[in-house]
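Here's the structure we're looking at; comments come further down.
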């Protein structure tokens, strides 16, 4: 397994070998070659508005802390003490004047530089140098802040963030532009949902539009049967507006289209998404036009992408103020974090709709999430079968995908093109790392 | 506004049995009868963090009115739902039932209790523990739930599938 | 470890190396080379009497579904969707008109052939062919139905079921012949009992007649002390009839004898077993003679085998209507399922006696099963010791076993001959698979 | 035939304490006193599947009359039993004790409750959860158990060693 | 010396609520109020083996008087303690509350109960189960705890971190 | 990893590679090369005062039983049945006339020799010999009893116990000499505390005097704030006497000094330790002088070592009657057992102080133990970081440690010299085993 050249053999034009989902050794390699090389989403800087605010998370298996320094700059530091390697910051988030390791009390500035070593004379004539980076909380090699969205890579040898994001940057910009003040703000703590599956199953599913009308049929029919029992002229509840699009037809999704981009990214829709039909929220258009004028507002709101995937770690939508973060734990454990944000300057009603949406779709107790969970789990249960070695991804191979301006190739919405794109890139990463992915 | 003295021992016994009845319906997966214990404007809330104050502007694990309860009732065990191909069986225990220190005011009584619940699903037992807070209004010789808050001890922790109310 | 030639070195004439019980890599190899090659018990067709009835289980690590098709035929299908590999049927059992994968809705006939692919046009010009077996729920390579007992092998390259079963078929036939109507019928759901041990420890134990009078002595003495305290002439309860034989003498078991057969099978007894002494159940003889006549009835009832082992997956007795199925989970986890059946045409009292027997002997809450469990567990605890590498199995090597008509070699009952036979076959499987085992 | 009104509050309190006493004897592994709470024809039943109706023609995890209870009492901790070389220690909690909706008829009262039990054995704690159903008959100023049914939420799931009644 | 008859039903209800209050303070990590439920010479004891008789000459998991309770109160959540950077959240359920068979004598009443506790700490839930034994003395119209003994079912088993009283 | 020559590359003069704490393969090697070779503490013979008393434990992964034989001699036997390898004695401790395996009833004398084989004739002409050691409960290869402290090694090829213990024997002797009767006696059952860390982190910590004033600062400040709130002239409680020394200054610890010895052993202090300040216990001096006279008593009490480490398995103090035993379970699980003992002939008050000390310091519910636990756990969390490969141990490298009579090198107390010493020996063990460590 550990032979990297083997890796490319696991991906063919129209299928991938089941071991990419099942083999612990491959997961270990992914931690180094994908999660250790790619730009990975860390957090949004609105989580740490004030100097000394910090937020702890992991990039792959490396504990890191995102912190706001005195100069207002956002640093992403390795959350590892330069002395004997203890994790320094234990809390999920907080505010501090500086970092202090609780084991032997080494202390660090907010930029990770070591400033305090108790009883220091014990290090005289040992070659110890307080300035030596090995003793600091070192900075993660590459960090970029795009409209407040902080990405980082454990590797210094990465493409520029612009090159990496490519056309997905338009999703990020659109998400922020939809705020009359042009900024978003994270609200509350996230949903943290444990999935007993390989992280790639979740990522594939994001642009899998062959599944909603099947795997999520029950909640739609339950909602319909409920409405059928209501008296004439019952007002159509927002919940229905959120649930029903998951039952949209194949034609609808095919028309929406799916676009595959460099580095494994992709998105569905463009002009239209399953959220296009949402009713307007009073005061929002006014606020937008006041900020942007009619033209620009129309332009902003005309972009409608459903589930933009920034491979491998991150997904967001234009029209819903929620983002999901992929946290691979082991070959068959993945935690999905869902974060929610406010469009600064927009009516609070926008936030409330997003919260309702996410509770109905992303919560571990929703009537949607557990059905996705179950499908991933069933793949694990089925792939252990000795009866087959490969997972098919040929759908759409028959049509020529047309190039899209802004880059990438567009195919009909239910094509497997985004899966094939992900694994083409996966194989490159596994062989060589990000630089030539 | 209620205080310990204002709830008779008889009422406390009625209330305890009322809460046991609610737990029983959930253990049995009988959402139809379970819903009937809630007032028309009744709400079930399971926050996603301890001390969460607003269910509308912050995410919750569950926040459902009778509309959603009814949709969920129809979805439970639905033949088209992958997750519903397996039964969910539960055993909920309530303890330490007492009149809450903080009362909602109005004519509702807030009853606090502790719960431990075990749900069996997909060959695995999952444990849930925390605090219940029931706001009850008297109706005829029984009660209705106007608000139930379920604070898990790990509300902000990593969660697994939850297919029915706790 | 992974070197197959190493495997044969782990088995010597009078002992086996402890690693066969302890090494995860060896367990993995067993899944392919033994459980992937041998005929494995799947279920009894009385579990699925009606068209569309299905029962799901695993062969080794492969999920399968046993289903009754329109033509009444019993199929054993790989429970894996031909699309992306999800497990299709999730329930333990049920009835359906056909199979439908809940992820993207591919649908299959009861024989596993693919009949429905939603929004199929996405596959045009992709080489997709609905008839291509790779897209179906493929049939398990080899399936055989012997008096309703369904066996299957993941391998096509297997001996005939007759050759494989050899003389154990007489146990199967006898079990069914004991039904006045010549057929048995599974009743209720099974006991499922988790053992923290390697599957082979359980299988060895089945014909280990050196252990009952020791490991199961307590329940016998408890029963004796109870009876001693009862007033004169208390009627001897059925429970005692079931419990006491476990305390039978070494002489008794030695006389019973043990017969080792091809492919690792074996059985104890023949004319006599620990169940021989059971009191008759009113109406049974009458029903038998009505069906078979006196001669044939005597003949049928004269066969008394205790724990016939059909290696590696299955064991049953003639005189008790229960069968146990071995389900290896990991190197030190094994689930034992005990199923119970009715002898069609026999008095219900027969079934009741079996149910009582199984509750007293096979239940996880019995006063017998947990003592076996404990002995297996102690082996795991002791074998980790650095003080020894081998497990001894020399008992009976000193005597020449005599050939038995119907095949196999018979030795005195407390001989280790069945263990040695199992490991001789184990080594062959591990080296080459069933065909030359 | 009993209904809620026909059992006085005093009796319910007596009954609760009676059930606590039973749990205590099991926690202590005191089967001798435990047996004394059962009538001569008393039976303990733990089905092997939910909704199992017949203990005689379908397998159960446990189905024991006083004969077997007495043999088990003598076997518990027996020096010759490999499995008995380790102590079993338990903590059983009963909750939601109430008069069952379905009454057996005759002069027996059926009391339903929920239980969570934890047993410590061989350095491992095992959890059990489900529903108790006790059929009680009055005897002098106490009760006897004529029938106890224990429905585990995972009755048809994979089971581990169980060395004493739950 | 107390016996069942000597404790009125009213008192038992007061006592139950008193014990619930204690559990609530621990669930909330409110050691200040929790301490106030103990008499000046009050003691909390968690033995390290079942049937341990002496807390002074044999090791215990916890054996604390008000001095140590007060130090612990000040240490709980202390910013300098590595172990205290993470919250501890609990849910304790008491059941089977009854007058103990063995009474301490003097003017104290011994109340026995069963507990199941779940503590969430460092992203992990730990289960505790066993028996409480509270020796109570009446004070005004409430009680004080003079002695609380907590017998874990796995008292002599391998233990994990415990940052607050059970 | 499995390449032993690799092992030495993991240890450099001033640092060790993080894999020594994280790699399961390395843990497996340690079980053979360190725990299978070194002298390991088993127990104290006062745990088994009477003939037939036994105590079961493990040496590394080998289950063993320490037992008192007829002749009063203490044996350490492999707790493995010579038949099929079951663990024979299941209890933690007990008393027996002999051992009997509960599976098939083989029975053994208290010295492990096989004396009973049921139904033995089955072994005739099989080469079975009841005297053949392979069928017995074999004796552990090397056993030594030092003042009642029983050490054993799974290897026969070991240095003499005197050579192995070197100067640490003075700690053992001092511990026993502090009993007016010159003997100690284990009291009660131990604390058993599960640590989610590698065993070496705990062992390092024992002589890590840079951590107490930091990691244990909170309980000291809590105690101070408590005392500050007490009325004038409150008597200074014993608890404070126990807690405060953990806040001792760096200077204090530096003066105490640390001494590194052969085979990885070390100790802190010598003349003074953090326990020196303990108030006298009435009657103790009298009892000591009555036994030893003034001079010898002074001499005995003048030795004050804090945490003598007998690498890898054992640590004790002179002044506190508690000892801790290291039980490695897996690469990140370690059970620490704390045992307590009585100084025979000393006032019971001495025992009571020790019990109070241990509850306050060693209990899993203390205000000290969980902070150490947390620091070890943080090391595991931090060392997974991709940002560094090595753990630094250079502290004190700048000073020349001076030789100490009785052997070893002494450096200032907060030096990392004991860590470096441990890993120098660790590397030797891993390469070759104890003989040349």
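Observations on the structure shown:
By letter and in written order, the chains are A, B, C, D, E and F; residue numbering begins at 1 in each of them.
In this text, a contact is a pair of C-beta atoms (placed from the backbone, for glycine too) under 8 Å apart; a residue touches a chain by one contact, two chains touch by 3 or more.
Predicted model only: the values in this text are computed from it and were never measured.
Note on connectivity: the fewest steps through touching chains from chain A to chain E is 1. Homomeric contact chain C/chain F: same residue numbering on both sides for under half of the interface positions.
By residue number, over half of the contacts seen at A-E repeat in one listed pair from C-D, D-F or A-B, namely D-F.
Distance from the chain E centre to the chain F centre is 32 Å, each centre being the mean of its Cα atoms. Spacing of chain B relative to chain C, judged by their CA centroids, is 45 angstrom. The distance from the centre of chain A to the centre of chain F, each centre being the mean of the chain's C-alpha atoms, comes to 48 Å. Within chain C, residues 90, 102-103, 214-215, 371, 374-375, 378 each touch two or more of the remaining chains. Residue positions 80-82, 85, 93, 95, 116, 127, 157-158 of chain D each touch two or more of the other chains. The set of touching chain pairs reads A-B, A-C, A-E, A-F, B-C, B-D, B-E, C-D, C-F, D-E, D-F, E-F, using the touch definition from the header.
Listing the residues of chain D that touch chain F in their complex gives 80-82, 85-86.
Note for the complex: chain D touches chain E at residues 13, 17, 20-21, 23-24, 27, 89-95, 116, 118-120, 123, 125, 127.
Interface of chain D with chain B (complex): residues 9, 50, 93, 95-98, 112, 114-116, 127, 129-131, 153-154, 157-158.
Against chain B, the residues of chain A that register as touching in their complex are 187-194, 214-215, 217-219, 221-223, 225-226, 237, 239, 243, 335, 338, 340, 348, 351-352, 355, 358-360, 363-365, 367, 369-371, 373-375, 377-378. Chain A contributes residues 32, 36, 60-63, 78-88, 90, 102-105, 118-119, 122-128, 134-135, 138, 140, 154 to its touches with chain F in the complex.
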